[in-house]
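There are structures below to look over.
Two complexes are shown next, each including subunit A; its partner changes from subunit B in the first to subunit C in the second.
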Partner chain A sequence: MTDQLRLKSFNLGKFVIEYLVFIAIVLLVIITAIVEPRFLSAENFTNLMRQFGPLSFVALGMTFIIVGGFIDLSVPGMISLVAIISLSLVDTIGEIPAILVGLALGAAMGCLNGTILIISGASTQAKALFITFGMSQVYGALALIHTDGTSMNRNLLEHEMPLTRVLGSGMLGPLSVSFVVFLFFLTVLYIFQTRTFLGRSINYTGGNIVAAELSGIPTKRIMILIYAICGFMAAVSAVVLFSRVSVTTPTVGMNYERDAIMAVVVGGTSLLGGRGNVLRTVLGVSLVVLMSNCMNLMGVQSHLQEVVRGAILVIAIWLDHRRQ
Partner chain B sequence: MDNIDNNIILSVKNVGKSFPGVKALDNVSIECRRGSVHGVVGENGAGKSTLMKILSGVYTKDSGTVMFDGETIEHTTPIQSIKKGLSIIYQEFNLVNTLTVGENIYLGRFSEMKGMRNIHKKARELLDSIGSTINTHRMVGDLSAAEKQMVEITKALSFDSKLIIMDEPSSSLTSDELKQLFVIIGDLREKGVTIIYISHKLDEIFELCDIVTIMRDGRVIDTKPTTDLDRSEMIAKMVGREIENEFPPRPHCVGETIMEVKKIRTRKLNDISFTLKKGEILGFVGLVGAGRTEIIRAIYGADKTKELEILINGKPVNIKKPIQAMRESIGLVPEDRKLEGLVLPFSVQSNIAMASLKGISKFGFVNASKEKEIADRQIKNLSVKTPSPHTKVVTLSGGNQQKCIMGRWLEINPDILILDEPTRGIDVGTKYEIYLLIKEIAEKGGSVIMISSELPEVLSMSNRVLTICEGRITGEFNPEKDSAHDIMDAAIG
Partner chain C sequence: MKKTLTTLLILIVSISLVACGGGSAPAPAAPAESAPEAAPAAPANDAPAAPAEGGQWKAGFITQAMSNESQAFSWREFQRLAPEYGFTMNMWSGETGPQDEVAGIEQAIAEGYDAIFVNPSSIESIIPALMQAKEAGLIVGMFSSELPEEHQNLRDFFCGSDDFQGGQQAGEFVVTHFPDGASFVEVGGQAGHDAQIKRHDGFRAGIAGSNIVELDSQNVPGPWPTNEAMAIMEDFLVRHGDAINIVFCHWDNGASGVIEAIENSGRKANADDGIFVIGVDGNRTGYAQVRAGTQALSVGQSFTNMAKQSLENAKTMLEGGTVPAVNFIPLDMVTLGSIDSFVEPDW
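Coming up: the complex of A and B.
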């Protein structure tokens, strides 16, 4: 053990690049805590957990897509459509069935994305980019058609949607319920990704899809699987989103694909595919959420916040390139 | 610098270059005479590519001097060296597939050429001067490997190159195309252009080169006129020891028929049928592009087929995907190690265990300790030279990378193992180890289909040889009785 340690010479540049997100998070927390004491209040902590919610689920799903060597821009359309369909079904079939239908719809849209990619012979990220972009328009437009373009309001009484209420604002000790649900998904998906045959196969597919196929890894099934996971996780986000306010709009999913991709890449999962995992994504989501929170607390203008977000995405991709 | 010998175009003196942890070049000195064809041979990792990259300006040297055409060269960039008259043609060409031949030759010099018409006119003259008939308006992407090479040579000539370095130029050429290349090189030599010819294929070196430099472990071992050297001496100098035989004795373990290919029909292949026996090494001989790889890809389910009828152990099987071929106990070591075989950024362990993962999974969970066992076993078995199983496979030498792919399949131990160019770009020492592995597979009752562009290799290893030409099987030979000449004759068609 000591031999190994001695052999590894310390490389500061490499260390900084490898743990940059972590360092950034720590610095951000320290600086904000000093400048704005409200940051450390219990209230803000609850707030942070809530903000963590919807993005974290999408980002977990997106991790599988990116590790598999692809990309999914259809997330906004999927979130919007699931939110609209689920909420509109609550009246007729009840809360829990409506949520289940929403989750199934998410997974189904994901499967459809994967299948279309396979049929159209798209085996590269670039082709996936355009096809899923198109699919996002389709799902988003369906959501708009369903509501005639208006927002959907279901201010139902608490007893009519108990589960959503708990999910939206319930607390389990110091943690919000949605955060606990996130921890559950994180654990399951981490074990799936690192320990199972299918999870490992996603890495091989992203690393070299041709070699994977020739070595008997079911790459087509993997493509459908990762898109299904992403669609399902987008649906979970949709449910968490409307559970907070019981109101939704047909464009509620906007920009989630950008923030999710940013969180995944900032976390250190390579856009080239093959390398990365969901734990890294947690770091990425933390950074993205903390940054918004800090900028909000400090009263940074919202358009300027967008500039910062865009810059961070570009820097993350540049660092990803540097790491190769 | 006083007594410049005008006959020496390139003089490399005491050049050294280190990378972190590796001394890539150690006190290397080479002199090239103007108008000679100078061969450079050496195993992978001997330092040939590093030296060439220093000459072309991709790397900078740590020490020593380089004189080119009477001028000392200190720091240079690739474009500067090209302009000085030193061009390098890499194994994987540096051409833009979506531009025409003429545009490629004068890429980046459109304005100084004053118009497209002039570009095509000049390109035509240069192509004519090396006896090539390629239309300058054709897209480079549509050209064959040999034609692309001519475009590269023409491009080098368009800069009035005095020295052209060719890195493994023959690796993608058929023997006819190779002959044509030799003619062109001969012409260039007449015109006073110096060629540095890097190759693994010793036959080519002997046929073509006036003088040869042998490198090993970053050092120059010897520089001698080729007429003063013989093959075994050269090999001995390359590997640093005498290799008695280039090939192990041929195994004779042929048994019952295991696979019967009744019919393969694809866009390129016509009514292919043959049999494979247990314990047999079956060689496929043919030119590159004759359909050798297409046949085995069809059998393995890697390509779409119009018709595919295969019997394994007398039973018809349905193979449409590689995974189905694996279920029938067929394995494939593909032609292109880096594109089709390895997951380069992954560890040696991940690459070796790749095909076994499903087998060592229970309820979908991979048994991590078994995965480690597999990697350790195959690393030991094949003596893969790697610091650890967790080293990234991209950092290993070509031979060790190939061993990782062989290990992947040996772990599964398929009844039929297909090897497509198993020793391409691998040094002589490792080649021998791979031959021993192939022999061992046959001796244990496995069947091997072996494709190779190196005729001596197929002929020395196989029990039976099929010749393939233009998508058809044109002959069946016994390499122990039939002459290499007859076999090559059938392969050319």
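Coming up: the complex of A and C.
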């Protein structure tokens, strides 16, 4: 009888640790709906889908980096540079080619990050942290140089941007267009991660890079691949971001790496690598976006919101440690 | 197009340099050390941009961040105007924190500069460095940010717009337009920033005693991001719906996010029959929104006049003259009716 009780309480503890983010989301929704009933309105649902946009794409890309056992702090610089370069090309080559150039640039920057890590012999998260931070400074400074520090307003461009407008504020039935695009990428990346050898190899590499190498997995190629995915997703995020707001500053990507890492870790992907997937990240992004929305609706001041964000990150890392 | 290609070329060269310098230790290329000569508006924490030729005095611009476009524009104006007043100029920016601004002041002292114009990210952090500058005999001009009263002996003059006054004028403007009262929400600037606090307080002073009622107020967490302003406005619209008559946004770029949120919700941002949006800055975006009728007022600050006044004051003092301690640069009330009487901004 005592053993049964112990077993039950153990399982409950494990359940809480495993599904805390889900429990937190449910609690947050219930509390906010009681305090502010308009939280459940259709208008807020649309807002949430739109606010979900830019962060969710970065977080999907960051998932592969963290599962692979690395980290990427170059995201803010990549987002800023892609947004600025794409917008500055619109009048010259048109909207769609400019967006395609931006996406290619993002993937290229990601490839370069991976290559630099390999050349530098960076095989740990700590080394990747410093190198990618440096790369973020490079990309960010280039965005500043390109615009002389000034912002770009897509409403002031000569060329019309119909696709961008649809992406930023269009609806497909009850869903925002950016959310539909997100679902597309989520499906593709989930299938890639769970149903392909290359996708599973990322988990093996993050779990134990030496063992992965010994078992014939091309870990260097995996490194380039995950950074390329992250760069590409950062570029998608940049496009969604400048679709959402008409004014783009050369520092528009600031803080996205922090929120993306938080969303990935909160979702349950291990910071040590090897464990986690994009579906978990969706939960993490949901919590980060919901939290911000709920606190705004409840009138919580921005200073306190930052405290809550920081506390959630600390709790997520503690939980990650407990899961190990 | 040429500029885009140049940027891409610099990107490739920078990355090649990083890659070639690779070893076991991470060695990222710091942009500030390689970029400033090519583009003065880039962050230049350690290596100031090349001074203009021919000046007889040396002046430094110590500013909070080149990523703040008003500061990037100010630096450009300083460079343009400095030769007229006989100065050569360098710049230090606190991109990574006030320690860079302190280092800039110390370097200016060590290199025998005649004057510094300072717009710090944190007033308190910079006080000891300003004491050193005064002891070394440098002329200290505060640019856009004023020191607290107890430390005003550390500067020779202040040139800037009065953020409190800006907020107050915006408040008075609202009272004039809504004599029977109305409800407002406030999308504040970077939480804790000097300008955010003063604009907030000034607006309250402007509407004091009127029937203008506050529904909600929220500040953005980071350095004045447009998307955060938009998200806050979206949440305000859910919470308060059609009760919102006025939005006071602390910056014009933020106001563009506010306007998008209003329009996406199916409402109108319009001075006549929609939500009345007010912004501060008077930049290109603000002007465009006023012209389009989506923003009722942009309270404009002239960074050109601030730079001009700072240089003129420093010159006068170096020639043995005296200048007023406080030099407020008048604020422009840019509305659809008055917009053509102002010079179009290029920042």
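Everything below uses one rule, namely that the second predicted complex is superposed on the first by the 310 of 324 C-alpha atoms of A that agree within 3 Å, B and C clash if a C-alpha of one lies under 4 Å from a C-alpha of the other, contacts with A are read in each partner's own complex, and residues count from 1 in each chain.
Assume contacts are C-beta pairs under 8 Å (C-beta built on N, C-alpha and C of every residue); 3 or more make two chains touch, one makes a residue touch a chain.
These figures come from a predicted structure and were not determined experimentally.
Check whether A:286 is in contact with subunit B, with subunit C, with both or with neither, and answer first, second, both or neither.
Neither partner.
Should A:204 be classified as contacting the first partner (subunit B), the second (subunit C), both, or neither?
first
Is A:63 in contact with subunit B, with subunit C, with both, or with neither (first, second, both, neither)?
neither
Residues of subunit A touched: more by subunit B or subunit C?
C
Thinking of the overlay built on chain A, is A:237 touched by subunit B (first), by subunit C (second), by both, or by neither?
neither
With the two structures laid over each other on chain A, which partner does A:195 touch: subunit B (first), subunit C (second), both, or neither?
A:195 contacts subunit B only, not subunit C.
Contact-wise, after the overlay, does A:277 reach subunit B, subunit C, both or neither (first, second, both, neither)?
neither
For A:44, using the defined touch cut-off, is the partner it touches subunit B, subunit C, both, or neither? Pick first, second, both or neither.
second
Tell me which partner A:217 touches in the superposition: subunit B (first), subunit C (second), both or neither.
Only subunit B is touched by A:217; subunit C is not.
Which residues of subunit A touch subunit C once you look at their complex with the stated criterion?
36, 38-39, 41, 43-44, 47, 50-51, 54, 81, 85, 88-89, 92, 105, 109, 112, 115-116, 119-122, 127, 130-131, 133-135, 137-142, 144-146, 148-151, 153, 155-156, 168-169, 241, 244-252, 254-255, 292-293, 296-297, 299, 301-303, 305-306
Looking at the complex, which residues from subunit A come into contact with subunit B?
Listed in rising order, the residues are 195-198, 200-201, 203-204, 207-208, 210-218, 272, 274-275, 324.
For the complex, give me every residue of subunit B touching subunit A.
Answer in residue numbers: 300, 302, 321-323, 326, 332, 334, 339-346, 350, 354-355, 357-358, 361, 364-366, 368, 408.
For the complex, give me every residue of subunit C touching subunit A.
1, 3-4, 7-8, 10-11, 14-15, 18-19, 22-32, 35, 38-39, 41-43, 66-69, 71-73, 75-76, 191-192, 216, 218-223, 225-227, 230-232, 234-239, 241, 253, 256-257, 260, 263-265, 283-285, 288, 292, 347
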